[in-house]
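Next up, some structures in structure tokens.
In what follows, chain A forms one complex with chain B and a second complex with chain C.
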Partner chain A sequence: MPSADVAVIGAGLAGLLTAVRLAENGARVVVLSEGNGALHWAGGPIDLGFRPGARTAAAVVGQLARRRAHPYAVLGADVAPALDWFQRLTGDLGLPHAGSLSGGFGALPTGIGGIRPVSIVPEAQAATLQPWAPGERLVIAGHAGYKDFWPRAVASSLARPEVWGGFSRPDRVVGVALDWPGLRERRNLNALRIAEHFDDPDWRAAALDVTARGVASTGSGPVRVGLPAVLGLRDHPRVLEDAIQRFGAPVIELPLVPPGIPGIRLHDVLRAKLRALGGRILIGERVARVEVTEATVTAVATEAATREVLTRVGALVLATGGVAGGGLVGDPDGAIREMVLGLPTDGPPIERWLHGDPLNPASLPIAGAGIRTDEALRPVDPRRPARGPLFGNVRVVGSLLAGQQWMIDRSGDGVALASAWRAAASLAGTTASATRSSRTTEAVR
Partner chain B sequence: MTIASVVDEALHETVGLSTDECLKCNICNEVCPVARVDDRFPGPKYVGPQAQRFRLAAPVPINLDGRPVHSPDRTVDWCSGCGWCTTACPAGVKIAEVNNRARASMRAGHRPRLRDWLISQTDLLGRFGAPFTPLANWTLQNRAVRWLIELVLGIHRKAPLPLYAGRSFRSRFKRRGGVLGRAGEVDLPPPDRAVVYFHGCAANYYEQHVADAAIGVLERNGFQVIAPPQNCCGLPMISNGLYPAARSKARHNLDVLAEYARLGYRIVGTSTSCTHTLKAEYAEMLDLHDEDARAVSEATWDICEFLLDLHEEGRLDSGFGRIDLDLPYHAPCQLRSHGIGLPAMDLFALIPGLRAVDMDHDCCGIAGTYGLKKEKYDIAMRVGEDLFRRVEASGAAETACDSETCRWQIASATDRPSRHPVEYLAAAYAAADAAGTAAGTAH
Partner chain C sequence: MTLARTAAVPTLDPGIAWDALVIGGGATGAGLLRDLARRGMRTLLVDRSDLGTGTSGRYHGLLHSGGRYVARDRDAARECIVENRIVRRIASFAVEDTGGYFVATPDDPDDYVDAFPALCAASDVDCEEVDVTEVLRRNPTLNPRIRRAFAVPDAAVEPWALIEGNVADAAELGSLALPYHRVVGFDRSGERLLAARVADVRSGTEYRVMAGQVVSAAGAWGGQVAALAGAKLTMAPGKGTMLVFNQRMTDAVINRCHMASDGDIMVPVGTVAILGTTDIHVADPDHWQITRAEVDELLDEGEKLFPQLRRMRLLRAYGGVRPLYDPSETGTESREVTRAHVVLDHAPRDGISNFTSIVGGKLTTYRLMAQDTADAVARKAGVTERATTAQEPVPDPHGDGKGRYHWLGGRLAAHEADGGGDAALLCECELVTRSQLEEVLDRRWPCSLDDVRRLTRLGMGPCQGGFCTFRAAGAVADHAARATSDPIAIGDMTEQAMADFLRERQRGTQPIAHGRQLQEAVMTAGFHWGTLGLGSLVGTSPGSDAQR
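On to the complex of A and B.
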């Protein structure tokens, strides 16, 4: 008999991790999501927090936790155990993540020729955590006709020392544009199509050959090879192994514009894990309303043409994202609405939602809007937090939590991990009141 | 009411304007089964939200001089209409619907291609073919004839066409005293003891065993079944961009079904694509927003959705006998568009011994009439290939699926039967009866 002890709304990193953790603890979980989550845009790194000049992620987490408004003020202590669990989980699922809270930062070159400070990265970006040796060069290689990745342009940007912002950097950066087999005739090439090509062992061998010759043409001596993040989808571990072996050098996958292949890989294994644990994941389900009895959510109604489907739940996890993810919507009259329960939100007044340079993260205070919670991640009224939780069986996770300037703090993934960990722990033992049921609201029965 | 809510409503009322929510994030391109296998289709984003900038928002866009405006990107015709883009879109853009409307506006004002017109006429084909079942089936199975059909019409010679099953379901149902009339013409039990059956063309002409199974299961649960006059739901025409013809089919169905819906009867269908058309596409594609359309939409249930609802109300006879079987199950794209989860899997779980496995594959490729077409057959086969290989590797003797054209595609590609979920429920009741008889405790 299908039923949901816990319904998780949202299928991004926070939602999927909460669901997997709950399912590991024995809960029957259903994930309901309006569409595919933001992991499909993700480039690979797990951001726990960064500040210019900081030496370790642990130090930044500590700093942020001392700020009362940041979710780490509540969750800071859970970042370490959550990360430990995440690294064991993804390792078991064939997508190990390197790095640690205390291991320091590296600089990950990106597909637009910038760098991104990273502390936790998938295996294919692990080489960025090692300092560059004297004389070591970075070769940026890619297919010449692929519109989302221009190897020579990327290399010429990365050749400027100031781009590396004080991080250890290569001695020399060279770009080579290659002709990967059979792609010249292809139209509409995107990262996913090339990744699927890499899954094919024969094509892969040929493409890696071409690439190895291109890398060799740039000279000899110690080298790392930067490639667009397209090294396979389903067979990624084998593609990576083959590439490293063929080049005899470390490989770095550079994050690209969406679709984000590293994020899709993570999404796919988490989804498969959830299903293997008996969890359900339903995409294309927009929540229309919830049923509440005495500050307890008893059911979630999702839209189904002119009717709705009612899922009876023991608990509800909101992983709907913030303003960027659609969990919050700002109205022209200045109200910031939470879209599922209509929870009271905490955020700046409308005059301060945006100001100044739109490309500067510091000019987007609206990004910090969200829901305030108690220690168990139950929502509270931000103006009357002392009155306690508004709903006993609701938890808020991920970027819906108020007080994150994730583009500045770079703590978005750490909040997702720690809040998933905390929410799952605090919901241990929850069971459903009844089962998923389908009901007309207006039709006569 | 605030100005914001008025603006909000205006923006979301039409499918076309939902593209205003598009972030250009590429998730739709990433899930598109057709773009996955063929470069000729640039993907839903390019022909949908992107190209929509060049289209007007009116249902049939017209120029200032009154001529229809065509899509600037004719590659929209490679879209199979599976609807995955809409399902996966995190911003709520009705991408598949936008693309289907774009195709219809391309077709508007032109005479349809003979092939597209013909494969859309599912009840015409049924009505004329069924009386000549042996001849028609010989024709459909004859390789030389099929080659000729491909040459002349453009229907691929290997495309999975169904075989006629002789007398139609309606005429058999009439013979055994079934109720076929319109509301008001017939005496009926109250709505909690009778349902309207929308059999669709498939159960009427090709798969009467599905109709029989459905009626058996419904009757066992205390429902009298009514099969009022009905024609094709119109989906094949919608898929081929022939909206005016689809509207006339829809109008006829709505006239008959709305009478029942208003009396409180639920409309139950065994074709998950027909039920989705009644529920959603009359409004979303054909702009039928009147009271009849609304009443029918609210009253329509896919049969598994209906039976699961009975179960959750404690009204389903769950005395299922044992069926020892490994059963790969494919959830059709149209079922996902219902937004009701996978009710068949929940029902399978009630049958002792039945080990159903959700194959978790996006699309079998056929997409109604898409995979029948000569130029699209190969795309359809590649879209479903992974599903077919995994079914074969599973060693299972048969598969289950809620939609008829998917069943025909999967059965043909894997060379083993594919059945409707309700057939297993009927078989499980029969198994219970047989066991009861054997034990001397028959009902």
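On to the complex of A and C.
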């Protein structure tokens, strides 16, 4: 029977970081994931927390940590060391992230012509952390006919000062719709296909030429160039360098409707790092059941095709996500079920799952549903937290943790980082259990 | 897919004196426009919104055989079967001949089931008992404990194509339908309405429309229109809630064989199936909500037909308001209020000689309602021409002349014909391409994305506009740029299109979401508010049609 010191279920940001951190500490780790993970939906920024009027992410983290229901109440102190580690790690992996907890916010324009406040961003969005100079313009450029990025629509929207919500903003926003080489006949383009084109040096040189001419046609003077977030997948650092050099101007990658190329880049480098550290990652593996002995998980059975594989484990990390990720499922009778261990959940009553004006992020109280834990991130019963952890060797990380209104407080990535850091620390020294007799828990499907 | 061939939305020439003005662009109003035009009366129709956005566009899609009324209202049943046969003949393009069954579940009383064939015969509704094992074999998700089944000529009817066809026929004869034109008042002199004051709701421009006869076909909103004319009319609007499932769990209409009630009918419509319906009295046809409790009751009842219903993916809930009319006008709140239609002559009622209202009724009998009303209006106007709408076919606005039998691969085949994998798909759920969207924008501009939806099914699949809204908004911006070079105006217009559509689509998810559809809703909201920064655009926008 295969074994692992720790099995991590879920391959989103929290799951991958927990696994990498554990592997760095010498654990034998396996990541099991039903799908590709939520990073495939991510647009680049690492959200630690935001509220209108806040000056730094550190201040918001501190505020959220004072709310008893928010995961930062337990994890707030770990945000700084976890971020420090994350920035060193991604820097080493060729995907450096700019910004800091105390450095303030910038406004990142997005592919629908909005902005989002950011504090930590990948290199291709780092220019948004610098204030705009007087007279500086933003040129939104992209391929005409690419359905997920309409340069003129984006520019028209961003031309309205109120969209920038008080952040430093460009003097002028101009959109140019271009004809990137060879794409005209490929009408059903998607971000992945274009990103792969950018990985090709010849195609890239030609596309950057066309783009540079388009930018130049909008006038002279200081400028930043906003492009859809498709600037290469494997060779992204090179693509970015070439673009900046060719334009002689900073470049900003605008996040798009999924799939999110910046998130996929991060997923790919973390996965490669995990493998380099000896960890295993299995995508397409659904957890079918878990074996339990005396409040201890001893083995995990996964299903791929028709085969069942039982892996003996020393500990289990749940990084399955909340309702959005599929870690929780809301039943028609109002029950909110945790899908691997059937853990008791904390969340709103069914009448309030989705409630109020849908054009307000407060209309989704269900997004805050999740699992309550102790300080070591071991799951507890939300109605009887004082009784202590329900499983000694289980940790809960990421958006499965209850009490985050991540669409409003924008703390989702910070919770992922800090909980990965905390879970890995608290599982230091765990090894695969040798226990044989065990009770089986069917995964709650 | 070929879209409607009607010309771009025309503008109003204030110099014309119309023979008649019809207020309300549902099926009845459109039918009336056609009927009056065919009698030689040059008629203008106005609607405060797009055509078919009131009750006609918000019902379960059933072309009644009459079977649901055989016990309670024999006259209504008879009208239904007669009109059912006519609509099939004159507007086959809008009808999917699904056929229908009345099935006896263990919850349905024996005496009703035993009497059903005779009740149908008494109303001339074709009804034949069929082998229940065969019905269950063809519809494997039906309750296996169903013990008897009766086949009836129920069908699914597509309201928007039907309305467009009626309007197109009238347009050939010089009549005109104007969406987004609201009647805001009348000029009255003594017993006559001389003119209606009509506002273009998009530009704000107000016109004075001269018309010999004024007819309100405003349905549930009939009381409001009557009040503008200085007449009194009390409607008894009844809200019906329907649930849309992301699959056709049946290819035929399925009814419970009992006294018609809530949650006892499933209608396959295009790619989806619709469970209907509730009946709740509402005070105001524009302000009502759908609750989880109501959805639960519908599902409880629906499970008697399809036991696995709660495991099937629900896309959304929506509601329509029946234009019910209680002749006692006491504001009754009951399913017992008649479904029959009534033509009200406001001359004896309110002392207005040239004002008529049509109230009550149902989509299946829209043509008869129009005919009865046109008879009354023509009489007042001294026009002697007789109705021809029962004989003359309605032109097919889609022009493809094909029968409308839904088949699973139909949309994919249309997509392949439009360039296949090479066509830019803006809405992956419903296979709507960029060229289709642009064609509608060219033809109907200025219009909302919800108007585009009714013609293309944009945003009607599992993601409920989660992805395609932004793509469609991009096309809207490009379109708006043809009329103005002011980026601020373009930005505002695009944002409004985006906000209205997202709000309308996502509101339908709120009372039904669980399982996969709940996951979809939260995942979608996650990238809207998180990744794309939607809050910087619409976080505080008031919404132009918050309650529709």
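Keep this in mind: the second predicted complex is superposed on the first by the 425 of 445 C-alpha atoms of A that agree within 3 Å, B and C clash if a C-alpha of one lies under 4 Å from a C-alpha of the other, contacts with A are read in each partner's own complex, and residues count from 1 in each chain.
Here, a residue touches a chain if its C-beta (ideal position, glycine included) is under 8 Å from a C-beta of that chain, and two chains touch if they have at least 3 such contacts.
Fair warning: this is a prediction, and the values are worked out from it, not measured in the lab.
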item: Partner chain in contact with A:Arg28 - chain B first, chain C second, else both or neither; value: neither
item: Contacts of A:Glu303 with chain B and chain C, given as first, second, both or neither; value: first
item: In the superposition, chain B vs chain C on chain A residues touched; value: C
item: Partner chain(s) touched by A:Glu285 [first = chain B, second = chain C, both, neither]; value: first
item: Which of chain B and chain C A:Asn188 touches, first, second, both or neither; value: both
item: Partner chain(s) touched by A:Trp41 [first = chain B, second = chain C, both, neither]; value: both
item: Partner chain in contact with A:Pro258 - chain B first, chain C second, else both or neither; value: both
item: First (chain B), second (chain C), both or neither touched by A:Gly326; value: both
item: Footprint overlap on chain A, comparing chain B with chain C; value: 41, 186-188, 257-258, 325-326, 331-332
item: Residues of chain A touching chain B in the complex; value: 1-2, 33-38, 40-41, 186-188, 190, 192, 196, 257-259, 264, 275, 280, 282-286, 302-307, 309, 325-326, 331-333, 435-440, 442-445
item: Chain A partner contacts - residues on chain B that touch it in the complex; value: 2-4, 25-27, 29-31, 35-36, 39-40, 42-43, 46, 86-92, 191-192, 261, 264, 266, 276, 279-280, 283, 294, 297-299, 305, 308-309, 312-313, 336-341, 343, 345-346, 349-350, 360
item: Touch list for chain A against partner chain C, complex; value: 41-43, 47, 108, 110-116, 145, 147-150, 152-153, 155-160, 163-165, 173, 185-189, 255-258, 260, 322-326, 329-332, 350-351, 353-355, 357-361, 363-364, 366-367, 406-408, 410, 412
item: Interface residues, chain C side, partner chain A - complex; value: 292, 296, 299, 310, 419, 421-426, 434, 467, 470-471, 473-478, 481, 487-488, 490-492, 494-495, 498-499, 502-503, 506-507, 509-510, 513-515, 518-519, 521-523, 525-527, 529-539, 541, 543, 546
